[in-house]
Amino acid sequence: MLDHILSILIFFPAFAGVMGFMINKESMRAYGTAVAAIEFALSLWLWFSFDNSVSGMQFMEHMALIPSFGINYILGVDGISLFIIIMASFFTMIGIASLSPAHSIKNMIITLLFLQMTMIGVFAALDAIVFYVFWELSLVPMLYLIGAWGGPLRIYASVKFFLYTFTGSLVMLVGMLFMAYFFYQATGVWSFAILDWYRLILPESFQLWLFAAFFFGFAIKVPMFPFHTWLPYAHGQAPTIGSVILAAVLLKMGTYAFIRFSLPLFPDASVFFMYPIAILAIIMIIYTAMVAYAQKDIKQVVAYSSVSHMGVIILGTFALNVEGISGSIFLMIAHGVVSGALFLLVGVIYDRRHTKLMSEFGGLAHVMPRYATIFGLMLMASVGMPLTINFVGEFLSLLGFYQQSHILTLLAGIAIVVGAIYMLTAFKKIFFGEVTNEKNRNLPDVSKRELLALIPLSIITVWLGIYPKPVLGPINNSVEAVVQLMHNKATSHEAKMRIPNVSGVVISKTAMKEGH
Amino acid sequence: MFEAVAFYLFAFLTITMFYITVTTAQALYALSALAAGMIFISAFFFILGADFLGAVQIIVYTGAVMALYAFGMMFFDTTREVKENHGNKYIVVGLSVVAAVMVVAIFSAPIISTNMQAFYPMVEGAGNTEQVGMVLFTKYLVPFEVAAIMLLVAMVAGIVLAGKKMDLSLTLMNAEEIQAAEDEKNKKVLS
Amino acid sequence: MEKYLYIALFAPLVSSLFAALFTTTPKKKFVGIVASLLIFTAFVSSSILLTHILGTGEIVHLELMTWMATGNLYIPFGFVVDQISVTMMMVVTLVSTIVHIYAIGYMDHDSGFNRFFSYLSAFVFSMMILVMSDNFAGLFIGWEGVGLCSWLLIGFWFHKESATWAANEAFIMNRIADLGMLIGIFLVYWNTGTLQYDGAFAAFANLDHATLTWIGIFLFIGAMGKSAQFPLHTWLADAMEGPTPVSALIHAATMVTAGVYLVVRSNELYALIPNVGLFIASLGAFVAIFAATMALVNRDIKRVIAYSTLSQLGYMFAAAGLGAYWVALFHLMAHAFFKALLFLGAGNVMHAMHDELDPFKMGALGKTMKGTMIMMTLASVALAGIFPLAGFFSKDLILEVAFVDHHFIIYTVLLLTAGLTAFYSFRIIALIFHGEDRHTALGHHPHEAYKFMLIAMSPLLILAIIAGFTMKMPYFEMVTELLPATEYHIHSHLTYWIMTIGTQAFVILSIFFAYKKYMSSAIKIPDGTSKMENSFAYKLLINQYYIPYAYEEYLVKPYKELSTVLWEKVDQKVVDASVDGIAHIFYNTGKNTRHMQSGNLSTMLKWMVAGTVALLSLAVVFGLAARYSGEITTILSGLGV
Amino acid sequence: MLSPVNVSLESLNLITLAPMLIPVIGALLILVIDIIKGGLDKSLYVVLSILFLALDFGALLESAGVFSKEGIMLGVFDVMLIDGLAIISQFIIVVTSMLFIPLALTNKRFHEFSYPEFFALFLFMIAGFQFMVASDNLILIFVGLETASLALYTLIAMHNRDKSFEAAVKYFTMGALAAGFYSFGSMVFYALTGSIEINQIAAVLEANNYADIGFVLVGVVMMLGSFGFKLSVVPFHTWTPDVYEGSSAAMAGYMSIVPKIAAFVVAMRLFEFLIHAHIVWLEVVLYALVVITMTAANMWAIVQTDVKRMLAYSSISHAGFVMAAILIGTTQSNSALFLYWILFSFTNLGAFSMLWISRQKELPGYQKTDHSFEKFSGMIKTSPMAAIIMGLFMLSLAGLPPFALFWGKIYMISSAVTGGYTVLALIMALNSAIAGYYYLKLIVFMFMKDPIESNVDNNGQLYVANATTALKTIIGFAIIGTVFAFVALDSLLEFVTAFVYNSGY
Amino acid sequence: MEIGLNHYLVLSTILFCIGLIGVMRRKNLLMLFFATEILLNAVNVGFAAISHYYGDLTGQMFAFFVIAIAASELAVGLGLLIVWHKRHGTIDLDTMSSMRG
């Protein structure tokens, strides 16, 4: 069974989703939760069976799909994708479990299960086309989620989300086809397998163009400035569960793809574009943080804060060293947990008041102390308080990038200041002060169902903040392999300089220290 | 010399006739001019030695086609002056003149491949009709048969469209109306 | 000894978590008691560690577990108890024990009683991590942790707008400095390959001067924030919105001194870059007098004390900057005792006066609050540096350091500040406890604080009195195991005596002047009419040199406006609009050209002919050009093209 | 004197005629049956048609087998040309026809299906298309084309309502003009080369090295005009939306596939040798036409208010997309053309069938046209299954993986990439994004809007009002073909590539 | 002055263009169909001429089939017109523009 665990992980939710059509409306939530829980258990089993000491791909599956055009169904996980997969299944589970009553909940749960399939598919795919299939397919359930259960502007938001990302990924698709063509020219065989592509060393000029094509697709997904404007709409209009999954998992596809595709395939181009991208990332960090500060809607604040944090992830990725990339992957998980939790939290008051305007609230800490506490915890995680999950990622990302550029890191570091500004201001507006709005006077505190989602997230936030090793270790191993690959493949002198040579010494050094 | 005179004469005539056809407001004039033009064209065929074609032209066109058109004209009652709402004349004339000038500009130069080897050369001594028949029933047998099918199609189409079958539209009637119409029909049969 | 280390470290955490269990329940006294006991346990453990170190000179160093490890980076949760950290631990645990006990009384009537203890203990825990960590990352954990607790505690009364505002201000301002610190840490890592103190310090010797300078500067920026050095000082005065025990513990004794601790801890670094040290010293001296001047006129007793703290921090930095690390640390310790005492006394006063903070509205409280008066007066004496109280030994030593090192400007400034310190300290003493009774008219009926609160304060009082002459030499011997053991002696005895006596006289004169000025019955509640209040100097000082105003006006507001502009104008009108614009181009093109499909057959035919003719024209032009290419070339060459 | 001709029967290679003759026989049989006994139910004719088409399919399989063994076949005085293109396209024509003809078995009665002439004409039309693709003789192509077209005009008109007559007249008139262009173009080629067989035209032009290119181009332009009309290339496309709107959804869906593939094959035969000869003019013009057709049609589709009309524009856009294959002119691109069209036929079959089963006879007030977007409002609530199926077809049309058209799309774009047309590849990709908008529009209506009251009351009956088992089966085929296309893709690709390659394209 | 192939081609072109004028200009469908007949006849002249000058029969064949096609088109076209005329009493093409945009 372990030979096919990834396929099972991918298709089990979809199968269950199809079966779900037969389930009675009343029992749908229980069904959904059960399926998601099984899926989560499976993903935990995956983690359990995962060999931490191996840096390459594990649980590989291979099946011919269109061999004459080089398209094959290839799956596999390494330390980079493992945890994002677990996170995806985790969030689906708690998302469904904590779902607040909505119309057509059956459709919603089925949609979520399909969404889960696509999410896991993206992170497990090792064939560019299979990857692309899931990548694009993930848009559809999300489109439906936003469009059917969203706010007043939901149709605009969902269509914008779909078309924007769709456009970007089409450019990426052209890039992929080019890549396959180059591979064909070099070897005489068509192949879309990523691991095959890794072996291909392209001249720098080709790398630049292909990098740009891939970048376009990924950047919109991340979303990077100036391609980010779909996100506030999507988040602002999406139902809570939609925002949670969007922020926690879907955005990670972009950053994950950078690490899976852009860096190892185009090391020279990565170095070439490092500064421009870093500058974009910094604009993202500071600009969106400032925009977040100007928001009136709490969900928009969280949405923009997402963009801001994604900037740090990008920066860490383009540190091109083990510290930065590990940090950025860790931050992906961290950001998923924290912003997912924040969106859930926003959903809590939205469910009660059906408004997200901060001016409607104030003094909620009196009325809903538990809620305020959890919000406060997540707020602190969001601003990167040490011993919370976010700090580890942010610290490592910035630390990593510092090797590449001092001044840019200094600028990027402003994140910790501006992040605090908008977050604290928002917190103050909602929770502090006297209760001025009568409607808020008798709001119930978080319910058990909501706690069901929030408590595990809080625990993870603190646990991985204090003890990130179980996650960071496997990530580190895989990232070292990636960086080494990049170093070996780099052709230009500058790239060789910029990308460190991770020799075996380092690993043993770490191991020695661990022993000590 | 005779050839040149004939060419220019008939060219002038056909052009005039066709010009009248497309410009006159009287459908009858147009029809007559068209018929005349067609006959003049058959003159070219005779000049060019395509006797069979000339005959077909006169018989099919001037005979059959024109008769049909005349019938149509009567049916549509367009013997009176036809009022047509013309849009921008400049576009029409402009486009046509440009097209003519363009093609003439190219065609005015001699075609390079004048010494073409004929694939189905005309045979000295055989009549044109004979030759045509020879080619038509060997090489062009299949197209000929397909043309027959085409004519059959046209016939069926004409019958279907112009016949009674289109009078009642089942598409537009709902189930009850169709039922009523069928009952009506059956009644007639019975009575 | 590991056991005691863990107890010292984790007892506050346990205390915090324990109290946290009761945050949503009504006040429970035992929460406070248990918390105090646990903190006391930490204190006892610290004491055991202290005796251990004093006895054996052996440093306790251990690693709890790995925190982050990736690539070359390896950060453990490592703790070290050496002479420096044990000093800090003692100060922290002692003051916090006292503050905890004190708070049981002080927070008696507050609905957030349990929550308060949770926060307070969490603070102690963070502080312990800060001082005990054996690496920069661990330090940073504590660093941020205390920031967080400070935020929670300043904003403890979150229904008050001013409190939450001050909390956010403190947090954000600290964050600015933390960025500097973070960069400093990055620099350390990429240049030395480690963040452990021992490894990093050992590697510093091989680094070039410029790098070290940058490291020094960035780490010091971090210190500036936490210790509220100019220009990041405004939060400290505003932080007085928090409950008074918080001010005593965090904003006087412990957290604000973290910056000093950092500089002292990094003494091996700063020893290599004396120019940065000089800058630190100069800044310290500047802040000392700068803060003291603001304290002169302020009409809020807690703020006066806060400025005083600021001023004293300036002293410490002056000492540390000049290389006298042990002196700085000593002053830190002594200052913690008497400043905490002063704050707690002020707390008593506040309690008695129902949170009235304007000393001009008090007067003659000495009659009802004798104990508090004695304590505060003695603390002020200590602060002013009168022999033989603690301040004399620590503060005058700093003056000597400046003198001995021939930094006469710094010396002069610090000396002047000493006089100002005495003046403003006794200004409030005089206004609160002596002179006319101005409060009864305002309807206040002050009473003395609970006895146990006073008893709790008494250790501080004792320490404020005796710390100087009893502890200086043993302390010196202990701490110089790690720190440079420079003794500062003025070689000429005559000079020494002249200086000492001169300073004492100057200070005592200032005290008398203060008493004379503010005990007079002519003191009225200022109403903005007096000549002094309209003088430029007064306005400058009461408005804190207009710095908060400037920050508000030139930083906060523009930031807010820029944010709004970025959102409404840039993000929506430019970035988003251009995306929508592209979409609209397609949509509108479709909309405007759909009339091409007019539904009229004639038009359709025209389009078809037009399309063909257009293509035909292209074809013919191309064909003619090809046909006459020879001629065209000839003509063109004839034209000289 | 003419010498008598002796022709041996073997040399005629009559098998090449078999696939075309079968539907002709079928059509005649139907006519005969109608004469003998009128008033028989349409199901008889439907099944008869399917049977003859199945026979046709069998004959095609036979030809395919012969082709793969012996290569290109010429027959009946070299008029017939059975090569890979002819076989693949006939497969597409026949299979699509087989799938479309059961759409006649609707629940409601519609005029055209009530008359056996419809089925006879339908089979004649198929024969016409088959002749058209299986020859490189311009005469036979012309005659085949006209046979098919005339039948098609009639089939459209037989829907028997004002719009369908209007559509038929428009189509017919423009078709007549296109026929004029075609014959003029043929004349030019004939004048240039003395031949009307494409391979000989190519050979002669090649031999004199395209002397007097202007002359050649005049012929090319006329042919472009004619096939531009058939393939609905902008600006010759104007008939398409009107005709689609005017005819029944079933017919419209059929028209979006079969006539076009026939025209594509002829266009490929006609233009490919010119592209291979690197006629710059043609490359530029085709490039422009492809881009304009794709983009403009997409932009017009965006602003449509009727789904069928939107699909009409969308099929123009798809045709433009596929036209790129002719421009690129590699084996990969030509295979991509067929692959794309096969996949497209399944999806479009599904989409139009879905429209067909929801066809009403009387339009409620909120609906201006047969299939206006409002009609589908909130469909997910009233008939979820139908909505999901329709949504899948839309996604497939939008080129979303893993649905059928996605694979066609990537193979086509890949061929552009391989052929060196990078910018074109990008434009093609980005056009999919524009197209996404209007497909999404329908999805938005179906899934995100609230249903109209009356539809809630009758529980979504509207959307399946016309459905019968036969129609549902067809939709089932379409769904399977759309969703699970990737299963068969590899063998399909190999088959198509082999056939195209062995035909020399 | 010899009459060459070019003369005939030019004539054919001119006639074709006259046909185009008619196609574009005519609003009466019946008269529009006249114009399409002109188009086809124009081409036939060309074919016959080429056939003559090349001494090749193919051109005549084509012309022959063109005539057949013209006749069939006429049948279908008239059928359509009759249906339309029955319903609307007019064959002016301006009356048929219910579909647009």
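For clarity, chains are labelled A, B, C, D and E in written order, and residue numbers in each chain start from 1.
Following the convention adopted for this analysis, a contact is a pair of C-beta atoms (placed from the backbone, for glycine too) under 8 Å apart; a residue touches a chain by one contact, two chains touch by 3 or more.
What you are looking at is a predicted structure, and each value in this text was computed from that prediction instead of being measured.
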Graph distance between chain A and chain C, where chains that touch are linked: 1
In contact with chain A as well as chain D, sorted by label, we have C
Taking contact as defined at the start, I'd like the list of chains shared as neighbours by chain A and chain E. C, D
Measuring from the mean of all protein Cα atoms shown, which chain centre lies nearest? A
Relative to chain B, the most remote chain by C-alpha centroid is chain C
What chain pair has the highest count of contacting C-beta pairs? B-E
Chain C to chain E: how many Å between their CA centres? 94
Separation of chain A from chain B, taking each centre as the mean of its C-alpha atoms, in whole Å: 69
In whole angstrom, the CA-centroid distance of chain B from chain D equals 28
List the centre-to-centre spacing of chain B and chain C in whole Å, with centres computed as mean CA coordinates. 98
Note: chain A residues in touch with at least two other chains are 163
Of all the residues in chain D, which ones touch at least 2 other chains? 139, 143, 146, 150, 153-154, 157, 169-170, 173, 177, 191, 194-195, 212, 214-215, 218, 241-242, 303, 437
The positions of chain E in contact with two or more other chains are 5, 9, 16, 19-20, 23-24, 26-27, 33, 54, 56, 58, 61, 65, 68-69, 72-73, 76, 79-81, 83, 93-94, 96-101
Would you please name all pairs of chains that touch? A-C, A-D, B-C, B-D, B-E, C-D, C-E, D-E
For chain A, which residues are in contact with chain C within the complex? 160, 163-164, 225-230, 287, 290-291, 293-295, 321-323, 326-327, 363, 365-366, 369-370, 373, 380, 383, 385-387, 391-392, 395-396, 398-400, 402-403, 406, 409-410, 413-414, 416-417, 420-421, 424-425, 428, 431-434, 466-469, 472-473, 475-476, 479-480, 502, 506, 509-510, 513-514, 516
Considering the complex alone, what residue numbers of chain D touch chain B? 1-2, 5, 7, 17, 24, 31, 76-80, 108-112, 114-115, 117, 120-121, 124-125, 127-128, 131, 137, 139-140, 143-144, 146-147, 150-151, 153-154, 157-161, 164, 191-195, 200, 204, 208, 211-212, 214-215, 218, 248, 361-362
Touch list for chain D against partner chain A, complex: 380-381, 384, 395, 398, 400-402, 406-407, 410-411, 413-414, 417-418, 422, 425-426, 429-430, 432-433, 436-437, 440, 443-444, 447-449, 486, 489-490, 493-494, 497
In their complex, what parts of chain B are in touch with chain D? 102-103, 106-107, 109, 111-113, 116-119, 123, 125-126, 130-131, 134, 138-143, 146-147, 149-150, 152-154, 156-157, 159-161, 165-166, 169-175, 178
Of chain C, residues touching chain E in the complex: 594-595, 597-602, 605-606, 609
